[in-house]
Amino acid sequence: MAMAMDAEAIAARLRALVGEDAITSVIAAEGGVRDAVLRVAIPRWLEVARALRDEPDLAFDFLDCVTAVDRPKDGRIDVVYHLFSYRHRHLAVVRLEAPRDDARVPSVVAVWPTADWNEREQYDLFGVRFDGHPDLRRLLMPEDWPNHPMRKDAAQPPSYRGMPTTRPNTLDLLPTSTLVRK
Amino acid sequence: MKRPGYFGSVVEAVRTTAEGLSITLAQYFRRPTTVQYPDRTAVPVRESLPSRYRGFLEVDLATCTACKACERDCPIDVIRIDVEKRDEGRVMSRFDIDLGKCMYCGICVESCPVEVRAEGEAEPQKVIRFTREFEGATTAFPTLTFRFIKPGEAAPPYKPPKKAEAAELPPSPARGEIARRVRAEARVENPPAFAAALAQTLADRDESLPRLLAPEVLAARARELAAKVDGDFPSALVAEALARTDCEACGWPSCGDYARAIASGADAQTWKCLPGAAKATRDVALLVQLRRGASPERAAAAAADLVRMHHRADGSPKTALALPAPIASTSSSTGGGQ
Amino acid sequence: MSEIVIDRGDGDEVVLNMGPQHPSTHGVIRFVIRTDGEIMKEAIPDVGYLHRAIEHIAEKCTYEGFMPYTDRVDYVCAMTANHAWALAVEKLGALPVPERAEYLRVITDELNRISSHAIALGAMAMDLGATTPFMLILREREFVNELIEELCGARLTYNYHRVGGVGWDLPAGWRDKVLRWCDHFVPVIDEYQRLIAENALFVRRLANMAVITAEEAVGYGLVGPNLRASGVDFDVRRDLPYSVYPKLKFEVPVGRGAMGTVGDAWDRYAVRIDEWRQSVALVRQALDLVAGTPPEFLSTPKKLKPTGEAFARVEAARGQMSCYVVGDGGANAYRARFRTGSFNAMQIIRAKSRGLMVADLVALIASLDVVAPEIDR
Amino acid sequence: MRMRAAFALVLAAAACGGGDVAVQLPATRAPIRDARPTRLHAGETLTVEGRGGPFTAGATTQVILPGLRGFKGGPMILPARAVGPDRVLATYDSAVFRYTGSSVVEVEQRLPDGTTKRLSSDPRAPFAFELAPRDVATAALLAERALPSLPGWLVGALTLLLVAAIVSLPIPVLAGLIVTWERKISAAMQSRIGPNRVGPRGWLQWLADGVKLLLKEDVIPTAADARLFRAAPYLAFLGLFLTFIVLPFSRTLIVADLDVGVLFLVSVTSLVVVGILVGGWASNSKWSLLGGMRSAAQIISYELPASMALLTLVVTTGSLRTQAIVAAQGAAPWDWFLFRTPFTLVAFVIWFIAALAEGNRTPFDLPEAESELVAGFFTEYSGFRFSLYPLVEWVNLAVIGAVGTALFLGGWRVPFVTPEMMATSWLWDLLGFFVFALKDVAIIFLVIWIRWTLPRFRVDQMMSLCWRYAVPWSMACVLGTLAWVWLVPSGVDQAARIALFALVGVGGGAWFALRVRANARAYSDLVLNEKLGGGRP
């Protein structure tokens, strides 16, 4: 029986299933935040994930998207999971707030196989370590790339293996009319 | 659904193959839809394109108010506008668009505030707009940088009439004319590297001194260069005299840099172009003399002495110069000199 | 991109390096194949060769300035990528969109879906050796390109949608041309079906090959035609409706295992052919309804400096493309994330490639309709 | 071009020894007992033996064969000389074309006293004569006699080389024309225009490509086995070139009408697989090796059904000679072997599929499957060495066409003209050659047409098609034909031919034409960009 649940109902069900401390809070969908967000405690995330998928009333069988958002001002990196249920047609947004310098989050590859590459990409670009990931390597950047490029504080290395990573703007190379007249 | 059995698959194979063959034979008798660009199309492809086609950009400087909205909104800043304060007021001294890097997204056209009436167009166009030109194939990459204001010239910004708000939109030439003119100029400005070098080596195969310094040849060359060296002294003229092979024998990273150094006087040794040999030394010496105001005859004589001093009879340079450390060129080295 | 160091397997195993430049990897993707000559032990994908850091660029230019970059997220079906970004930013800033713009968006999305499927189906036929269907179907794609070129001036990377509407209105006479093309295209679909889809050789190459069950499809996050071919009846246009899709009637083709089992390579092929027909029907309905809408097609937002986060989904040609935008009040997006159909489809190739033959790997890649720009972004 | 090649073949026509031994009936008391040998080449002598010394030595004698019609129409007269009372030696001087027929032998002598004596052999037992133009061996012999100054073996070798050159010169031209035609057909089938810039309407495109390939540098990979790498293409070319010897282009246009024609044909094509395998291995690249192995497996396994299919024909005609097989077929379509019996029809289909497989043609072009093996066994080749492999593939097309025409579609038989009538003048042979060429071109079109319609087999499917379908069915055909030839009375046989032709030929053709018309009418050609319009060839 397909019965869509909203964020509050989901949070309540999860607290009942996993424990009071699993869901730290629920951010309601108002102001800039367009979808309600469940803030989950990082140590309990794996259990919550299993509950989200296996609980018949929740049945979140599709992990839509895993995104890391670097917030240096608050000193944290948020890992946001967007989930969807084909049976109940309802959505859930889970946010894990990890400390910025050593972001360690349990991997959910065991629950949703699609998390494999999603997590590898977020590790590659943001440096979020996913514990328990079978093969946590860089996905997009070369193996020996010096930093995690999409972090707000990541400077672009001037060259990689002898190849310059920036090129002068072709317009600057053209001598302007003033130079010629001198 | 179960796959057909042993004989069923034979029947299926025959039936579907026959069906496929009948389709391809039917296709065989249809008219081909391809067109043999570039030389066998009914009309030049440019005319067959829809009016909204996003080809090369062009700017009608007569109606441009130099508000720099397009330069500001372009996501990859391919537009460069320089506005200078001159005695006759604010003036645009440079309007370049690097169409080699542009992604033809049209954001600049949308952000341009001034609307104009282009010849033969119903809808009002903008000052910066797309044309239906697209043939930009070139071997020298700088050709794709369209310079709507020639270096050294200036264009006063357009002042839209205040009071006649509802007045007729300012007229503007048909779309494409400006683009074609600027593209032609760009092609002239950047001769393909290899063509120039090839033409030069083929044209004057015999570069021995007697022929190069023969009185009438020298005098004719001096007069020819004198006509070119009117007041201004663009380094491109010097660059043309060199061998344009960027071989760094003269110590400069490229012929353009050596030419600019000679033009600006930074490098007085005008005989260091080894591949150019006597011919290059002669032409450059003539240019330098004429630049100092000498008459063609005195310039020819001075050039002849200089060449005889530094070149053997067959035109080859006397001293195989040891390469000095490359001198930091005034601007980063690029292909052909400016 | 990683230098995968393979330990030398047992005696007769050959390690083949297919890609990154290879005629049938549909873009710059590399597969390290461990095989004994014909049967593959495994095909390990290695991606990242076309990574342009589009998500990072989103943080460097304004919301409107980023729109042309979304064309490059999936240059084969750029329109739906535009649409995803427009939806996400409009949801983030709660911006109104005129009704005419919604219809124009649907029309261009469906036309682009047809031309994208044309490449998918044509390239798959070519990978299995039949070059004629590829040429014929590219001729139809050329017509679609000409139609969209007349509408917005570009043939591949359109930059047609805007935040708050679309860039241009319908040119005069365009509607009849599209209808004329639709009447021409429907019989071509039937001919294409008879020429290649039902060809015995083609069917034998694809039926019962690389069967993906519904659980596997959902688990690996397959979306769009790949998901529906495995029997999961889900389409974002109908089940999480956006734009004006609720006003349009269309069925969602689902894999029925007509030539083998549900979820085999042939089903993925057949579902795309049926989607052609649905898209033509959608274009026709939208063209009729757009005539009656008020002329305004774009309401450019005055000040676009939203804060908060928004998540939008669009049914792209390669399945549901999700776009997650975080705004911090600045003119540029604070964080933008595109999750595309090919990205998920690539993950299942390694699992499905075990035991297939080298020729089948080519068919598997083509049946999943994977394109490199979407994987690496 | 093809006409000059045909005449060249005639000048160098050669037939070496053997042939059917005509059964001689015991002669009665006729004055002439025997005439040997009955198979004569121009330049050889005919020995006529009399019974009881009927001839007078030294008299001017000539041997007359009334049954064979001489060049100018009258009975054939051979100049002869009587070397003994019971032996006359006649020299068969020269004949441009092959004569076959039976005739009585008569010797006419003018005696010193002015009377002429005419003796004849047993009228009831005519001799079956076969007079053929000079074969290469006799040609070499004559050349040696004509040039005594040069050593004998050199002249012989030069003659053979001349013959080989004359036969092989048109092959690259043939390949070029077929390549260009294929590109034009594939273009038309894909709504493209195809080559139309080089030469009249693009027909010299092959020359441009050939010259380009000649100018390209032919690179040998460093780690490749250089000697084998260079030899491989020539092996493949040799294998293909030898098949031209037994192909009957016309009644007399055949290089060597070997008695083992069909067997020779089947065995020679296996040289091509050696060339491909060696080429694949010598390139020392994984992709080429895979391509080479796939192609070897494919060609070798398809040789079996191909030879079994041809065996059914040999069983029906009773001779391996290609000319004999052509002679056994009538000119009318229902007399062709294609529609002779249901078994030969199936044999044709199997042989055609096997021929496609041996020529690496789609749907069997696995060895050079671009999408998987980049270019298969000739990935590493370039320049002229590379051009030999496509040359082999496209001339193979012509060979498939020629073999199919000769063995299944009645070869050079001109409708409503009996072989005897054809023997009368060389114009009939020319017409026969055109009929042969027409059928050859039809089969080539079919092979090209299939390439641009069907996708490719997978390796295991190709093998299963061969071993689970082609081999058993071809064996069944052979047995079926045996039973058919032995059991079916000729009346039923004739009816079966007409029925089969009507059903498959006419019926199938009509159904197919209807399908083509339906597809042609399915949708109208659309031109959106009127200014540019559709393509014009």
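By letter and in written order, the chains are A, B, C and D; residue numbering begins at 1 in each of them.
Methods note: a residue touches a chain if its C-beta (ideal position, glycine included) is under 8 Å from a C-beta of that chain, and two chains touch if they have at least 3 such contacts.
Since the structure is predicted, the reported quantities are computational estimates derived from the model, not experimental observations.
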Quiz item: Out of A-B and C-D, which chain pair has the most contact pairs?
Solution: C-D
Quiz prompt | Cα-centroid distance, subunit A relative to subunit B, in whole angstrom | solution = 47
Quiz item: Taking each chain's centre as the mean position of its Cα atoms, how many Å separate subunit C from subunit D?
Solution: 54
Quiz prompt | Distance from the mean Cα position of subunit D to that of subunit B, given in whole angstrom | solution = 63
Self-check item: Where subunit A and subunit D are represented by their mean Cα positions, the distance between them in whole Å
Solution: 72
Practice problem: Return the residues of subunit B touching two or more other chains; collapse runs of consecutive numbers into ranges. | Solution: 17, 19-20, 23-24, 27, 33
Quiz item: Which parts of subunit D, given as residue numbers and ranges, touch two or more other chains?
Solution: 189-192, 452-454, 519, 522, 529
Exercise. Among the residues of subunit A, pick out those that touch two or more other chains and give their numbers.
Key: none
Exercise. Pick one for the touching-chains graph, please: line, ring, star, complete, other.
Key: other
Self-check item: Of all residues in subunit B, those that touch subunit D in their complex
Solution: 6, 10, 17-36, 40-43, 45, 47-48
Quiz item: Along subunit C, where are the residues that touch subunit A in the complex?
Solution: 1-3, 47-48, 51, 53, 55-56, 91-92, 218-221, 232, 234, 239-240, 306-311, 313, 320, 322, 324, 326-327, 334-335, 337, 339, 343-344, 346-347, 376
Practice problem: Give every residue of subunit D touching subunit C within the complex, in rising order. | Solution: 186, 189-192, 286-287, 290, 293, 362-363, 365-366, 369-372, 374, 452-461, 519, 522-524, 526, 528-529
Quiz item: Which of the residues in subunit A end up touching subunit B in this complex?
Solution: 168-171, 173-182
Quiz item: subunit D touches which residues of subunit C in the complex?
Solution: 14, 16, 22-24, 37-38, 125-132, 135-136, 139, 143, 146-147, 177, 180-181, 184, 187-188, 190-191, 195-196, 199, 201-202, 204-205, 357-360, 362
